[in-house]
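Pasting a structure below so you can have a look.
Here the chain labels run A, B, C and D in written order, and each chain numbers its own residues starting at 1.
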Amino acid sequence: MTQRNENGMPMKYSDRFNLADARQVAHAAEEEAIRHGWPMVISVVDSGGHLVLQQRLDGAQLGSNDVARQKAETAVLFRRPTRVFEDAIAQGGLHLRLLGMNNLVPLDGGIPLIRNGAVVGAIGVSGMRSDQDAQVAQAGADALALAEPATGF
Amino acid sequence: MTQRNENGMPMKYSDRFNLADARQVAHAAEEEAIRHGWPMVISVVDSGGHLVLQQRLDGAQLGSNDVARQKAETAVLFRRPTRVFEDAIAQGGLHLRLLGMNNLVPLDGGIPLIRNGAVVGAIGVSGMRSDQDAQVAQAGADALALAEPATGF
Amino acid sequence: MTQRNENGMPMKYSDRFNLADARQVAHAAEEEAIRHGWPMVISVVDSGGHLVLQQRLDGAQLGSNDVARQKAETAVLFRRPTRVFEDAIAQGGLHLRLLGMNNLVPLDGGIPLIRNGAVVGAIGVSGMRSDQDAQVAQAGADALALAEPATGF
Amino acid sequence: MTQRNENGMPMKYSDRFNLADARQVAHAAEEEAIRHGWPMVISVVDSGGHLVLQQRLDGAQLGSNDVARQKAETAVLFRRPTRVFEDAIAQGGLHLRLLGMNNLVPLDGGIPLIRNGAVVGAIGVSGMRSDQDAQVAQAGADALALAEPATGF
(Lines give C-alpha, C1' and ligand atoms only; values in the text may rest on other atoms or scores of the structure.)
Protein backbone atom coordinates (compact mmCIF):
# COMPACT_ATOMS: atom_id res chain seq x y z
CA MET A 1 0.00 0.00 0.00
CA THR A 2 3.03 2.19 0.41
CA GLN A 3 3.95 4.60 -2.37
CA ARG A 4 6.47 2.69 -4.45
CA ASN A 5 9.00 3.65 -7.09
CA GLU A 6 9.47 2.05 -10.48
CA ASN A 7 11.44 -0.79 -8.88
CA GLY A 8 8.63 -1.67 -6.52
CA MET A 9 10.54 -0.43 -3.49
CA PRO A 10 9.08 2.02 -0.98
CA MET A 11 9.76 5.55 -2.14
CA LYS A 12 12.44 7.59 -0.43
CA TYR A 13 11.84 10.93 1.16
CA SER A 14 13.44 13.97 -0.47
CA ASP A 15 13.70 17.58 0.66
CA ARG A 16 13.62 19.03 -2.86
CA PHE A 17 10.53 21.11 -2.16
CA ASN A 18 10.00 24.77 -1.36
CA LEU A 19 7.35 27.42 -0.76
CA ALA A 20 6.93 28.11 -4.49
CA ASP A 21 6.11 24.42 -4.99
CA ALA A 22 3.67 24.47 -2.09
CA ARG A 23 1.96 27.52 -3.55
CA GLN A 24 1.62 25.82 -6.93
CA VAL A 25 0.05 22.80 -5.25
CA ALA A 26 -2.28 24.85 -3.04
CA HIS A 27 -3.28 27.11 -5.91
CA ALA A 28 -4.38 24.21 -8.08
CA ALA A 29 -6.29 22.71 -5.17
CA GLU A 30 -7.95 26.02 -4.39
CA GLU A 31 -9.05 26.43 -8.00
CA GLU A 32 -10.68 23.02 -7.89
CA ALA A 33 -12.39 23.86 -4.60
CA ILE A 34 -13.66 27.19 -5.87
CA ARG A 35 -14.91 25.62 -9.11
CA HIS A 36 -17.25 23.54 -6.95
CA GLY A 37 -17.96 26.20 -4.34
CA TRP A 38 -16.45 24.06 -1.59
CA PRO A 39 -15.22 25.88 1.54
CA MET A 40 -12.10 24.00 2.58
CA VAL A 41 -8.80 24.08 4.40
CA ILE A 42 -5.75 23.23 2.28
CA SER A 43 -2.56 22.19 4.02
CA VAL A 44 0.84 21.43 2.47
CA VAL A 45 3.70 19.86 4.44
CA ASP A 46 7.27 18.98 3.53
CA SER A 47 8.87 15.52 3.65
CA GLY A 48 9.46 15.89 7.39
CA GLY A 49 5.76 16.54 7.94
CA HIS A 50 6.38 20.21 8.77
CA LEU A 51 3.89 22.79 7.52
CA VAL A 52 4.97 24.84 4.51
CA LEU A 53 1.64 26.45 3.68
CA GLN A 54 -1.86 26.33 5.08
CA GLN A 55 -4.88 28.33 3.98
CA ARG A 56 -8.49 28.30 5.09
CA LEU A 57 -10.94 29.31 2.40
CA ASP A 58 -13.77 31.60 3.47
CA GLY A 59 -16.63 29.69 5.00
CA ALA A 60 -14.63 26.56 5.90
CA GLN A 61 -15.46 24.92 9.22
CA LEU A 62 -12.88 25.59 11.92
CA GLY A 63 -12.38 21.91 12.71
CA SER A 64 -10.94 21.39 9.26
CA ASN A 65 -7.80 23.27 10.25
CA ASP A 66 -6.47 20.36 12.29
CA VAL A 67 -7.95 17.69 10.04
CA ALA A 68 -6.37 19.02 6.85
CA ARG A 69 -2.96 19.30 8.48
CA GLN A 70 -3.23 15.84 10.03
CA LYS A 71 -4.23 14.29 6.72
CA ALA A 72 -1.12 15.80 5.14
CA GLU A 73 1.03 14.60 8.04
CA THR A 74 -0.41 11.10 7.80
CA ALA A 75 0.28 10.94 4.07
CA VAL A 76 3.93 11.83 4.70
CA LEU A 77 4.44 9.71 7.80
CA PHE A 78 3.12 6.60 6.05
CA ARG A 79 4.01 7.53 2.46
CA ARG A 80 0.59 6.70 1.04
CA PRO A 81 -2.75 8.35 0.33
CA THR A 82 -4.94 8.43 3.43
CA ARG A 83 -7.57 6.80 1.23
CA VAL A 84 -5.76 3.53 1.85
CA PHE A 85 -6.60 3.76 5.53
CA GLU A 86 -10.18 4.84 4.91
CA ASP A 87 -10.72 1.84 2.62
CA ALA A 88 -9.22 -0.49 5.20
CA ILE A 89 -11.53 0.78 7.92
CA ALA A 90 -14.50 0.24 5.60
CA GLN A 91 -13.60 -3.44 5.32
CA GLY A 92 -13.91 -3.77 9.08
CA GLY A 93 -12.63 -6.77 11.01
CA LEU A 94 -8.90 -6.79 11.61
CA HIS A 95 -8.54 -3.45 9.84
CA LEU A 96 -10.26 -1.66 12.69
CA ARG A 97 -6.95 -1.93 14.52
CA LEU A 98 -5.96 1.23 12.63
CA LEU A 99 -8.33 3.14 14.92
CA GLY A 100 -5.97 2.30 17.78
CA MET A 101 -3.12 4.33 16.24
CA ASN A 102 -2.71 7.91 17.35
CA ASN A 103 -0.46 9.32 14.62
CA LEU A 104 -2.73 8.45 11.73
CA VAL A 105 -5.96 10.06 10.48
CA PRO A 106 -7.84 7.46 8.40
CA LEU A 107 -9.80 9.89 6.22
CA ASP A 108 -9.49 10.31 2.48
CA GLY A 109 -8.02 13.67 1.46
CA GLY A 110 -4.33 13.33 2.24
CA ILE A 111 -2.06 12.61 -0.75
CA PRO A 112 1.74 12.37 -0.97
CA LEU A 113 3.49 14.82 -3.29
CA ILE A 114 5.88 13.02 -5.61
CA ARG A 115 8.83 14.53 -7.46
CA ASN A 116 11.51 12.60 -9.32
CA GLY A 117 10.25 9.38 -7.74
CA ALA A 118 10.51 10.56 -4.16
CA VAL A 119 8.06 11.81 -1.53
CA VAL A 120 8.75 15.52 -1.12
CA GLY A 121 5.70 16.30 1.00
CA ALA A 122 1.95 15.93 1.06
CA ILE A 123 -1.27 17.86 0.65
CA GLY A 124 -4.20 17.49 3.03
CA VAL A 125 -7.68 18.87 2.39
CA SER A 126 -10.71 18.99 4.68
CA GLY A 127 -14.08 20.68 4.69
CA MET A 128 -16.48 18.62 2.57
CA ARG A 129 -17.15 14.89 2.08
CA SER A 130 -13.89 13.00 2.21
CA ASP A 131 -14.09 12.01 -1.47
CA GLN A 132 -14.53 15.67 -2.36
CA ASP A 133 -11.63 16.55 -0.10
CA ALA A 134 -9.58 13.95 -1.99
CA GLN A 135 -10.65 15.30 -5.37
CA VAL A 136 -9.30 18.70 -4.41
CA ALA A 137 -6.13 17.24 -2.91
CA GLN A 138 -5.54 15.26 -6.10
CA ALA A 139 -5.81 18.42 -8.19
CA GLY A 140 -3.08 19.88 -6.00
CA ALA A 141 -0.87 16.81 -6.21
CA ASP A 142 -1.28 16.63 -9.98
CA ALA A 143 -0.08 20.21 -10.33
CA LEU A 144 3.31 19.26 -8.90
CA ALA A 145 3.55 16.06 -10.89
CA LEU A 146 2.91 17.95 -14.13
CA ALA A 147 5.48 20.63 -13.36
CA GLU A 148 9.03 20.47 -14.63
CA PRO A 149 11.40 18.36 -12.56
CA ALA A 150 13.05 20.40 -9.84
CA THR A 151 16.45 21.85 -10.62
CA GLY A 152 18.87 24.13 -8.89
CA PHE A 153 18.20 23.09 -5.34
CA MET B 1 -1.90 47.18 28.03
CA THR B 2 -4.86 45.81 26.19
CA GLN B 3 -5.67 47.15 22.75
CA ARG B 4 -8.24 49.89 23.39
CA ASN B 5 -10.70 51.76 21.23
CA GLU B 6 -11.18 55.55 21.02
CA ASN B 7 -13.24 55.48 24.21
CA GLY B 8 -10.50 53.83 26.20
CA MET B 9 -12.40 50.59 26.46
CA PRO B 10 -10.91 47.22 25.62
CA MET B 11 -11.52 46.51 21.96
CA LYS B 12 -14.19 44.07 20.95
CA TYR B 13 -13.53 41.13 18.74
CA SER B 14 -15.01 41.15 15.26
CA ASP B 15 -15.20 38.46 12.62
CA ARG B 16 -15.00 40.86 9.68
CA PHE B 17 -11.89 39.23 8.27
CA ASN B 18 -11.35 36.74 5.47
CA LEU B 19 -8.69 34.91 3.49
CA ALA B 20 -8.20 37.83 1.11
CA ASP B 21 -7.42 40.05 4.10
CA ALA B 22 -5.02 37.48 5.50
CA ARG B 23 -3.25 37.28 2.17
CA GLN B 24 -2.91 41.04 2.04
CA VAL B 25 -1.40 41.03 5.52
CA ALA B 26 0.92 38.11 4.83
CA HIS B 27 2.01 39.53 1.48
CA ALA B 28 3.08 42.83 3.03
CA ALA B 29 4.93 40.98 5.76
CA GLU B 30 6.62 38.71 3.23
CA GLU B 31 7.79 41.70 1.18
CA GLU B 32 9.35 43.23 4.27
CA ALA B 33 11.04 39.93 5.13
CA ILE B 34 12.38 39.45 1.62
CA ARG B 35 13.64 43.05 1.50
CA HIS B 36 15.94 42.15 4.39
CA GLY B 37 16.69 38.59 3.32
CA TRP B 38 15.09 37.20 6.47
CA PRO B 39 13.85 33.58 6.33
CA MET B 40 10.70 33.55 8.42
CA VAL B 41 7.38 31.93 9.14
CA ILE B 42 4.32 34.18 8.83
CA SER B 43 1.10 33.18 10.51
CA VAL B 44 -2.29 34.91 10.38
CA VAL B 45 -5.19 33.95 12.64
CA ASP B 46 -8.76 35.20 12.91
CA SER B 47 -10.47 36.70 15.97
CA GLY B 48 -11.09 33.20 17.35
CA GLY B 49 -7.36 32.47 17.20
CA HIS B 50 -7.87 29.97 14.38
CA LEU B 51 -5.35 29.82 11.56
CA VAL B 52 -6.38 31.49 8.31
CA LEU B 53 -3.02 31.42 6.55
CA GLN B 54 0.46 30.24 7.39
CA GLN B 55 3.51 30.23 5.15
CA ARG B 56 7.10 29.23 5.78
CA LEU B 57 9.60 31.14 3.62
CA ASP B 58 12.44 29.09 2.18
CA GLY B 59 15.29 28.72 4.64
CA ALA B 60 13.27 29.44 7.78
CA GLN B 61 14.08 27.33 10.81
CA LEU B 62 11.52 24.61 11.47
CA GLY B 63 10.95 25.68 15.07
CA SER B 64 9.44 28.95 13.85
CA ASN B 65 6.33 27.12 12.64
CA ASP B 66 4.97 26.71 16.14
CA VAL B 67 6.38 29.99 17.44
CA ALA B 68 4.84 32.17 14.73
CA ARG B 69 1.42 30.59 15.19
CA GLN B 70 1.63 30.87 18.97
CA LYS B 71 2.61 34.54 18.77
CA ALA B 72 -0.47 35.22 16.64
CA GLU B 73 -2.66 33.21 18.99
CA THR B 74 -1.30 35.09 22.00
CA ALA B 75 -1.95 38.46 20.37
CA VAL B 76 -5.60 37.51 19.80
CA LEU B 77 -6.18 35.75 23.09
CA PHE B 78 -4.99 38.76 25.06
CA ARG B 79 -5.81 41.49 22.51
CA ARG B 80 -2.39 43.09 22.67
CA PRO B 81 0.99 42.93 20.96
CA THR B 82 3.17 40.18 22.40
CA ARG B 83 5.80 42.89 22.88
CA VAL B 84 3.86 43.86 26.01
CA PHE B 85 4.64 40.49 27.55
CA GLU B 86 8.27 40.55 26.46
CA ASP B 87 8.72 43.95 28.11
CA ALA B 88 7.12 42.69 31.30
CA ILE B 89 9.48 39.71 31.44
CA ALA B 90 12.42 42.08 31.02
CA GLN B 91 11.32 43.94 34.15
CA GLY B 92 11.53 40.75 36.17
CA GLY B 93 10.03 40.38 39.63
CA LEU B 94 6.32 39.75 39.75
CA HIS B 95 6.16 39.83 35.97
CA LEU B 96 7.93 36.50 35.74
CA ARG B 97 4.61 34.92 36.71
CA LEU B 98 3.78 35.22 33.00
CA LEU B 99 6.17 32.32 32.42
CA GLY B 100 3.74 30.15 34.34
CA MET B 101 1.03 30.65 31.74
CA ASN B 102 0.70 28.04 29.06
CA ASN B 103 -1.46 29.88 26.51
CA LEU B 104 0.91 32.81 26.13
CA VAL B 105 4.21 33.19 24.29
CA PRO B 106 6.06 36.24 25.66
CA LEU B 107 8.05 37.04 22.54
CA ASP B 108 7.79 40.14 20.39
CA GLY B 109 6.43 39.46 16.90
CA GLY B 110 2.69 38.92 17.49
CA ILE B 111 0.46 41.90 16.66
CA PRO B 112 -3.35 42.22 16.68
CA LEU B 113 -5.02 43.11 13.41
CA ILE B 114 -7.42 46.02 13.87
CA ARG B 115 -10.31 46.98 11.59
CA ASN B 116 -12.98 49.53 12.41
CA GLY B 117 -11.86 49.64 16.01
CA ALA B 118 -12.12 45.93 16.62
CA VAL B 119 -9.69 43.03 16.77
CA VAL B 120 -10.28 40.91 13.67
CA GLY B 121 -7.25 38.68 14.06
CA ALA B 122 -3.49 38.77 14.52
CA ILE B 123 -0.24 38.20 12.71
CA GLY B 124 2.66 36.27 14.21
CA VAL B 125 6.17 36.18 12.76
CA SER B 126 9.20 34.11 13.79
CA GLY B 127 12.61 33.33 12.37
CA MET B 128 14.99 36.15 13.26
CA ARG B 129 15.56 38.35 16.34
CA SER B 130 12.26 39.14 17.99
CA ASP B 131 12.49 42.84 17.14
CA GLN B 132 13.02 41.90 13.49
CA ASP B 133 10.12 39.49 13.71
CA ALA B 134 8.01 42.37 15.06
CA GLN B 135 9.15 44.69 12.30
CA VAL B 136 7.87 42.24 9.71
CA ALA B 137 4.65 41.61 11.65
CA GLN B 138 4.05 45.36 11.86
CA ALA B 139 4.42 45.69 8.10
CA GLY B 140 1.68 43.08 7.79
CA ALA B 141 -0.58 44.72 10.33
CA ASP B 142 -0.13 48.13 8.71
CA ALA B 143 -1.25 46.76 5.38
CA LEU B 144 -4.64 45.94 6.81
CA ALA B 145 -4.95 49.24 8.69
CA LEU B 146 -4.19 51.19 5.51
CA ALA B 147 -6.69 49.27 3.44
CA GLU B 148 -10.22 50.49 2.92
CA PRO B 149 -12.64 49.55 5.69
CA ALA B 150 -14.16 46.18 5.02
CA THR B 151 -17.52 46.19 3.32
CA GLY B 152 -19.88 43.61 2.07
CA PHE B 153 -19.52 41.08 4.85
CA MET C 1 -3.55 -13.98 27.40
CA THR C 2 -0.94 -12.59 29.70
CA GLN C 3 2.58 -13.95 29.51
CA ARG C 4 2.66 -16.69 32.19
CA ASN C 5 5.42 -18.55 33.94
CA GLU C 6 5.74 -22.32 34.40
CA ASN C 7 3.27 -22.21 37.29
CA GLY C 8 0.59 -20.55 35.21
CA MET C 9 0.90 -17.29 37.08
CA PRO C 10 1.34 -13.94 35.36
CA MET C 11 5.01 -13.27 34.88
CA LYS C 12 6.76 -10.82 37.11
CA TYR C 13 8.74 -7.92 35.83
CA SER C 14 12.48 -7.97 36.25
CA ASP C 15 15.09 -5.30 35.66
CA ARG C 16 17.84 -7.72 34.67
CA PHE C 17 18.32 -6.13 31.26
CA ASN C 18 20.86 -3.70 29.91
CA LEU C 19 22.01 -1.91 26.77
CA ALA C 20 24.14 -4.86 25.66
CA ASP C 21 21.02 -7.04 25.79
CA ALA C 22 19.02 -4.48 23.86
CA ARG C 23 21.72 -4.35 21.22
CA GLN C 24 21.71 -8.12 20.90
CA VAL C 25 17.94 -8.07 20.43
CA ALA C 26 17.98 -5.18 17.97
CA HIS C 27 20.86 -6.66 16.02
CA ALA C 28 19.05 -9.94 15.47
CA ALA C 29 15.91 -8.07 14.44
CA GLU C 30 17.87 -5.85 12.08
CA GLU C 31 19.49 -8.87 10.43
CA GLU C 32 16.07 -10.38 9.81
CA ALA C 33 14.80 -7.09 8.41
CA ILE C 34 17.79 -6.66 6.12
CA ARG C 35 17.52 -10.27 4.92
CA HIS C 36 14.11 -9.36 3.52
CA GLY C 37 14.95 -5.82 2.45
CA TRP C 38 12.38 -4.37 4.85
CA PRO C 39 12.91 -0.74 5.95
CA MET C 40 11.80 -0.67 9.58
CA VAL C 41 12.07 0.99 12.94
CA ILE C 42 13.22 -1.24 15.80
CA SER C 43 12.53 -0.17 19.36
CA VAL C 44 13.60 -1.90 22.59
CA VAL C 45 12.26 -0.87 26.00
CA ASP C 46 13.00 -2.10 29.52
CA SER C 47 10.55 -3.54 32.05
CA GLY C 48 9.44 -0.03 32.98
CA GLY C 49 8.54 0.67 29.35
CA HIS C 50 11.40 3.14 29.02
CA LEU C 51 13.38 3.22 25.80
CA VAL C 52 16.77 1.54 25.88
CA LEU C 53 17.51 1.55 22.16
CA GLN C 54 15.72 2.71 19.03
CA GLN C 55 16.99 2.67 15.49
CA ARG C 56 15.39 3.65 12.21
CA LEU C 57 16.73 1.70 9.25
CA ASP C 58 17.32 3.70 6.07
CA GLY C 59 14.17 4.08 4.04
CA ALA C 60 11.72 3.41 6.87
CA GLN C 61 8.59 5.54 6.94
CA LEU C 62 8.71 8.29 9.55
CA GLY C 63 5.42 7.27 11.12
CA SER C 64 6.99 4.01 12.26
CA ASN C 65 9.05 5.85 14.88
CA ASP C 66 6.09 6.31 17.18
CA VAL C 67 4.40 3.04 16.23
CA ALA C 68 7.44 0.84 16.95
CA ARG C 69 7.98 2.45 20.35
CA GLN C 70 4.30 2.22 21.23
CA LYS C 71 4.18 -1.46 20.28
CA ALA C 72 7.09 -2.14 22.62
CA GLU C 73 5.47 -0.08 25.38
CA THR C 74 2.18 -1.94 24.95
CA ALA C 75 3.90 -5.33 25.15
CA VAL C 76 5.49 -4.35 28.47
CA LEU C 77 2.52 -2.55 29.94
CA PHE C 78 0.27 -5.56 29.39
CA ARG C 79 2.91 -8.31 29.50
CA ARG C 80 1.79 -9.95 26.27
CA PRO C 81 2.46 -9.82 22.54
CA THR C 82 0.49 -7.07 20.83
CA ARG C 83 -0.74 -9.78 18.50
CA VAL C 84 -3.21 -10.70 21.24
CA PHE C 85 -4.89 -7.32 20.90
CA GLU C 86 -4.87 -7.44 17.12
CA ASP C 87 -6.60 -10.82 17.19
CA ALA C 88 -9.19 -9.50 19.62
CA ILE C 89 -9.98 -6.55 17.37
CA ALA C 90 -10.43 -8.93 14.45
CA GLN C 91 -13.14 -10.75 16.41
CA GLY C 92 -15.13 -7.54 16.77
CA GLY C 93 -18.00 -7.12 19.18
CA LEU C 94 -17.06 -6.45 22.75
CA HIS C 95 -13.38 -6.59 21.85
CA LEU C 96 -13.63 -3.27 20.04
CA ARG C 97 -13.60 -1.64 23.47
CA LEU C 98 -9.82 -1.99 23.22
CA LEU C 99 -9.90 0.88 20.72
CA GLY C 100 -11.03 3.12 23.57
CA MET C 101 -7.77 2.60 25.44
CA ASN C 102 -5.08 5.16 24.95
CA ASN C 103 -2.06 3.32 26.33
CA LEU C 104 -2.37 0.36 23.99
CA VAL C 105 -1.55 -0.06 20.30
CA PRO C 106 -3.43 -3.12 18.96
CA LEU C 107 -0.99 -3.97 16.15
CA ASP C 108 1.10 -7.10 15.85
CA GLY C 109 4.83 -6.43 16.16
CA GLY C 110 5.34 -5.87 19.88
CA ILE C 111 6.75 -8.84 21.83
CA PRO C 112 7.79 -9.11 25.47
CA LEU C 113 11.40 -10.03 26.17
CA ILE C 114 11.62 -12.90 28.63
CA ARG C 115 14.60 -13.86 30.77
CA ASN C 116 14.57 -16.41 33.58
CA GLY C 117 10.77 -16.48 33.51
CA ALA C 118 10.31 -12.75 33.92
CA VAL C 119 9.50 -9.86 31.59
CA VAL C 120 12.65 -7.79 31.27
CA GLY C 121 11.44 -5.57 28.43
CA ALA C 122 9.93 -5.68 24.97
CA ILE C 123 10.76 -5.17 21.33
CA GLY C 124 8.50 -3.26 18.95
CA VAL C 125 8.91 -3.21 15.17
CA SER C 126 7.07 -1.16 12.54
CA GLY C 127 7.46 -0.42 8.86
CA MET C 128 5.93 -3.26 6.86
CA ARG C 129 2.78 -5.41 7.21
CA SER C 130 2.15 -6.15 10.87
CA ASP C 131 2.86 -9.87 10.45
CA GLN C 132 6.22 -8.97 8.88
CA ASP C 133 6.86 -6.53 11.72
CA ALA C 134 6.12 -9.36 14.14
CA GLN C 135 8.43 -11.74 12.29
CA VAL C 136 11.29 -9.31 12.77
CA ALA C 137 10.34 -8.62 16.39
CA GLN C 138 10.28 -12.37 17.07
CA ALA C 139 13.78 -12.74 15.66
CA GLY C 140 14.87 -10.12 18.15
CA ALA C 141 13.06 -11.71 21.07
CA ASP C 142 14.46 -15.14 20.22
CA ALA C 143 17.99 -13.78 20.32
CA LEU C 144 17.58 -12.94 23.98
CA ALA C 145 15.83 -16.20 24.84
CA LEU C 146 18.64 -18.18 23.24
CA ALA C 147 21.35 -16.28 25.03
CA GLU C 148 22.85 -17.46 28.27
CA PRO C 149 20.87 -16.53 31.36
CA ALA C 150 21.93 -13.17 32.69
CA THR C 151 24.48 -13.23 35.46
CA GLY C 152 26.32 -10.67 37.44
CA PHE C 153 23.60 -8.11 37.74
CA MET D 1 23.19 32.89 16.99
CA THR D 2 21.92 30.66 14.25
CA GLN D 3 24.30 28.19 12.64
CA ARG D 4 25.61 30.04 9.58
CA ASN D 5 27.41 29.03 6.42
CA GLU D 6 30.56 30.57 4.97
CA ASN D 7 28.48 33.42 3.50
CA GLY D 8 27.03 34.37 6.86
CA MET D 9 23.57 33.14 5.90
CA PRO D 10 21.56 30.76 8.05
CA MET D 11 22.44 27.20 7.12
CA LYS D 12 20.03 25.17 5.06
CA TYR D 13 18.64 21.84 6.13
CA SER D 14 19.70 18.78 4.17
CA ASP D 15 18.52 15.18 4.28
CA ARG D 16 21.91 13.70 3.39
CA PHE D 17 22.10 11.64 6.57
CA ASN D 18 21.44 8.00 7.34
CA LEU D 19 21.60 5.38 10.09
CA ALA D 20 25.28 4.65 9.44
CA ASP D 21 26.02 8.33 10.05
CA ALA D 22 23.94 8.34 13.21
CA ARG D 23 25.80 5.29 14.48
CA GLN D 24 29.15 6.95 13.81
CA VAL D 25 28.02 10.00 15.77
CA ALA D 26 26.55 8.00 18.65
CA HIS D 27 29.55 5.72 18.83
CA ALA D 28 31.98 8.61 19.22
CA ALA D 29 29.74 10.15 21.87
CA GLU D 30 29.44 6.86 23.71
CA GLU D 31 33.22 6.41 23.74
CA GLU D 32 33.59 9.84 25.30
CA ALA D 33 30.92 9.06 27.88
CA ILE D 34 32.49 5.71 28.77
CA ARG D 35 35.94 7.26 29.04
CA HIS D 36 34.56 9.39 31.87
CA GLY D 37 32.24 6.77 33.33
CA TRP D 38 29.18 8.94 32.64
CA PRO D 39 25.82 7.14 32.38
CA MET D 40 23.96 9.01 29.65
CA VAL D 41 21.28 8.92 27.01
CA ILE D 42 22.45 9.71 23.47
CA SER D 43 19.88 10.75 20.89
CA VAL D 44 20.41 11.46 17.18
CA VAL D 45 17.72 13.03 14.98
CA ASP D 46 17.58 13.87 11.27
CA SER D 47 17.05 17.31 9.74
CA GLY D 48 13.29 16.98 10.24
CA GLY D 49 13.80 16.37 13.97
CA HIS D 50 12.81 12.70 13.65
CA LEU D 51 14.68 10.13 15.71
CA VAL D 52 17.24 8.04 13.85
CA LEU D 53 18.97 6.44 16.82
CA GLN D 54 18.64 6.61 20.58
CA GLN D 55 20.53 4.62 23.18
CA ARG D 56 20.48 4.69 26.95
CA LEU D 57 23.77 3.68 28.55
CA ASP D 58 23.51 1.44 31.61
CA GLY D 59 22.88 3.40 34.75
CA ALA D 60 21.48 6.52 33.06
CA GLN D 61 18.55 8.21 34.78
CA LEU D 62 15.21 7.56 33.09
CA GLY D 63 14.35 11.24 32.78
CA SER D 64 17.26 11.70 30.41
CA ASN D 65 15.40 9.80 27.70
CA ASP D 66 13.09 12.71 26.98
CA VAL D 67 15.69 15.37 27.71
CA ALA D 68 18.29 13.99 25.30
CA ARG D 69 15.75 13.70 22.51
CA GLN D 70 14.36 17.17 23.16
CA LYS D 71 17.85 18.70 23.16
CA ALA D 72 18.46 17.15 19.75
CA GLU D 73 15.07 18.35 18.50
CA THR D 74 15.75 21.87 19.77
CA ALA D 75 19.14 21.97 18.03
CA VAL D 76 17.48 21.06 14.73
CA LEU D 77 14.38 23.21 15.10
CA PHE D 78 16.46 26.30 15.83
CA ARG D 79 19.65 25.32 13.97
CA ARG D 80 21.99 26.16 16.83
CA PRO D 81 23.61 24.54 19.85
CA THR D 82 21.26 24.52 22.84
CA ARG D 83 24.14 26.14 24.72
CA VAL D 84 23.06 29.40 23.11
CA PHE D 85 19.77 29.23 24.96
CA GLU D 86 21.37 28.19 28.23
CA ASP D 87 23.75 31.16 28.07
CA ALA D 88 20.87 33.52 27.33
CA ILE D 89 18.90 32.29 30.34
CA ALA D 90 21.97 32.82 32.52
CA GLN D 91 22.01 36.49 31.52
CA GLY D 92 18.50 36.89 32.88
CA GLY D 93 16.32 39.91 32.15
CA LEU D 94 14.71 39.87 28.76
CA HIS D 95 16.24 36.51 27.96
CA LEU D 96 13.99 34.77 30.45
CA ARG D 97 11.30 35.03 27.77
CA LEU D 98 12.81 31.84 26.35
CA LEU D 99 11.27 30.00 29.29
CA GLY D 100 7.88 30.83 27.82
CA MET D 101 8.51 28.77 24.69
CA ASN D 102 7.29 25.19 24.65
CA ASN D 103 9.23 23.73 21.74
CA LEU D 104 12.67 24.59 23.08
CA VAL D 105 14.77 22.98 25.83
CA PRO D 106 17.33 25.57 27.01
CA LEU D 107 19.95 23.14 28.31
CA ASP D 108 23.44 22.66 26.95
CA GLY D 109 23.98 19.29 25.30
CA GLY D 110 22.17 19.59 21.96
CA ILE D 111 24.40 20.25 18.93
CA PRO D 112 23.53 20.45 15.21
CA LEU D 113 25.23 17.96 12.92
CA ILE D 114 26.79 19.73 9.95
CA ARG D 115 27.73 18.16 6.61
CA ASN D 116 28.75 20.06 3.50
CA GLY D 117 27.64 23.30 5.10
CA ALA D 118 24.10 22.17 5.88
CA VAL D 119 22.28 20.96 8.99
CA VAL D 120 21.66 17.25 8.50
CA GLY D 121 20.49 16.52 12.03
CA ALA D 122 21.48 16.93 15.65
CA ILE D 123 22.79 15.02 18.64
CA GLY D 124 21.36 15.46 22.13
CA VAL D 125 22.94 14.09 25.29
CA SER D 126 21.61 14.03 28.84
CA GLY D 127 22.55 12.37 32.12
CA MET D 128 25.28 14.43 33.78
CA ARG D 129 25.96 18.16 34.22
CA SER D 130 24.92 20.01 31.11
CA ASP D 131 28.52 20.98 30.26
CA GLN D 132 29.46 17.30 30.47
CA ASP D 133 26.47 16.42 28.33
CA ALA D 134 27.70 18.97 25.80
CA GLN D 135 31.24 17.58 25.88
CA VAL D 136 29.91 14.19 24.91
CA ALA D 137 27.58 15.64 22.28
CA GLN D 138 30.49 17.56 20.79
CA ALA D 139 32.54 14.40 20.50
CA GLY D 140 29.67 12.94 18.51
CA ALA D 141 29.25 15.99 16.30
CA ASP D 142 32.99 16.12 15.62
CA ALA D 143 32.96 12.54 14.41
CA LEU D 144 30.63 13.47 11.58
CA ALA D 145 32.50 16.66 10.72
CA LEU D 146 35.76 14.72 10.46
CA ALA D 147 34.29 12.04 8.25
CA GLU D 148 34.49 12.15 4.49
CA PRO D 149 31.83 14.26 2.80
CA ALA D 150 28.77 12.21 1.97
CA THR D 151 28.57 10.76 -1.49
CA GLY D 152 26.23 8.49 -3.32
CA PHE D 153 23.02 9.62 -1.74
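Quick notes
Going forward, contacts are C-beta pairs under 8 Å (C-beta built on N, C-alpha and C of every residue); 3 or more make two chains touch, one makes a residue touch a chain.
Chain labels with UniProt names: A, B, C, D = Heme-binding protein.
Here the structure is a predicted model, which means the values were calculated and not measured.
Centres computed as Cα averages put subunit B (Heme-binding protein) at a distance of 46 Å from subunit C (Heme-binding protein).
The geometric centre of subunit B (Heme-binding protein) is 31 Å away from that of subunit D (Heme-binding protein), both derived from CA atoms. Computed centre separation for the pair subunit C (Heme-binding protein)/subunit D (Heme-binding protein) is 28 angstrom, with centres defined by C-alpha atoms. In subunit C (Heme-binding protein), 62 are the positions where the chain touches two or more neighbouring chains simultaneously. Taken together, the touching pairs give a contact graph of some other shape, not a line, ring, star or complete one.
The full set of touching chain pairs reads A-B, A-C, A-D, B-D, C-D. The part of subunit A (Heme-binding protein) that touches subunit D (Heme-binding protein) in the complex is made up of residues 13-15, 46-50.
On the side of subunit D (Heme-binding protein), the complex with subunit C (Heme-binding protein) involves touching residues 18-20, 22, 48, 50-58, 62, 65. By the touch criterion stated above, subunit A (Heme-binding protein) contacts subunit C (Heme-binding protein) in their complex at residues 2, 9-10, 12-13, 48-49, 74, 76-79, 92-94, 96-97, 99-104.
Residues 37, 39, 59, 61-63, 66-67, 70, 85-86, 89-90, 92, 96, 98-99, 101-102, 104-107, 130 of subunit C (Heme-binding protein) are the ones that touch subunit A (Heme-binding protein) when the two sit in their complex.
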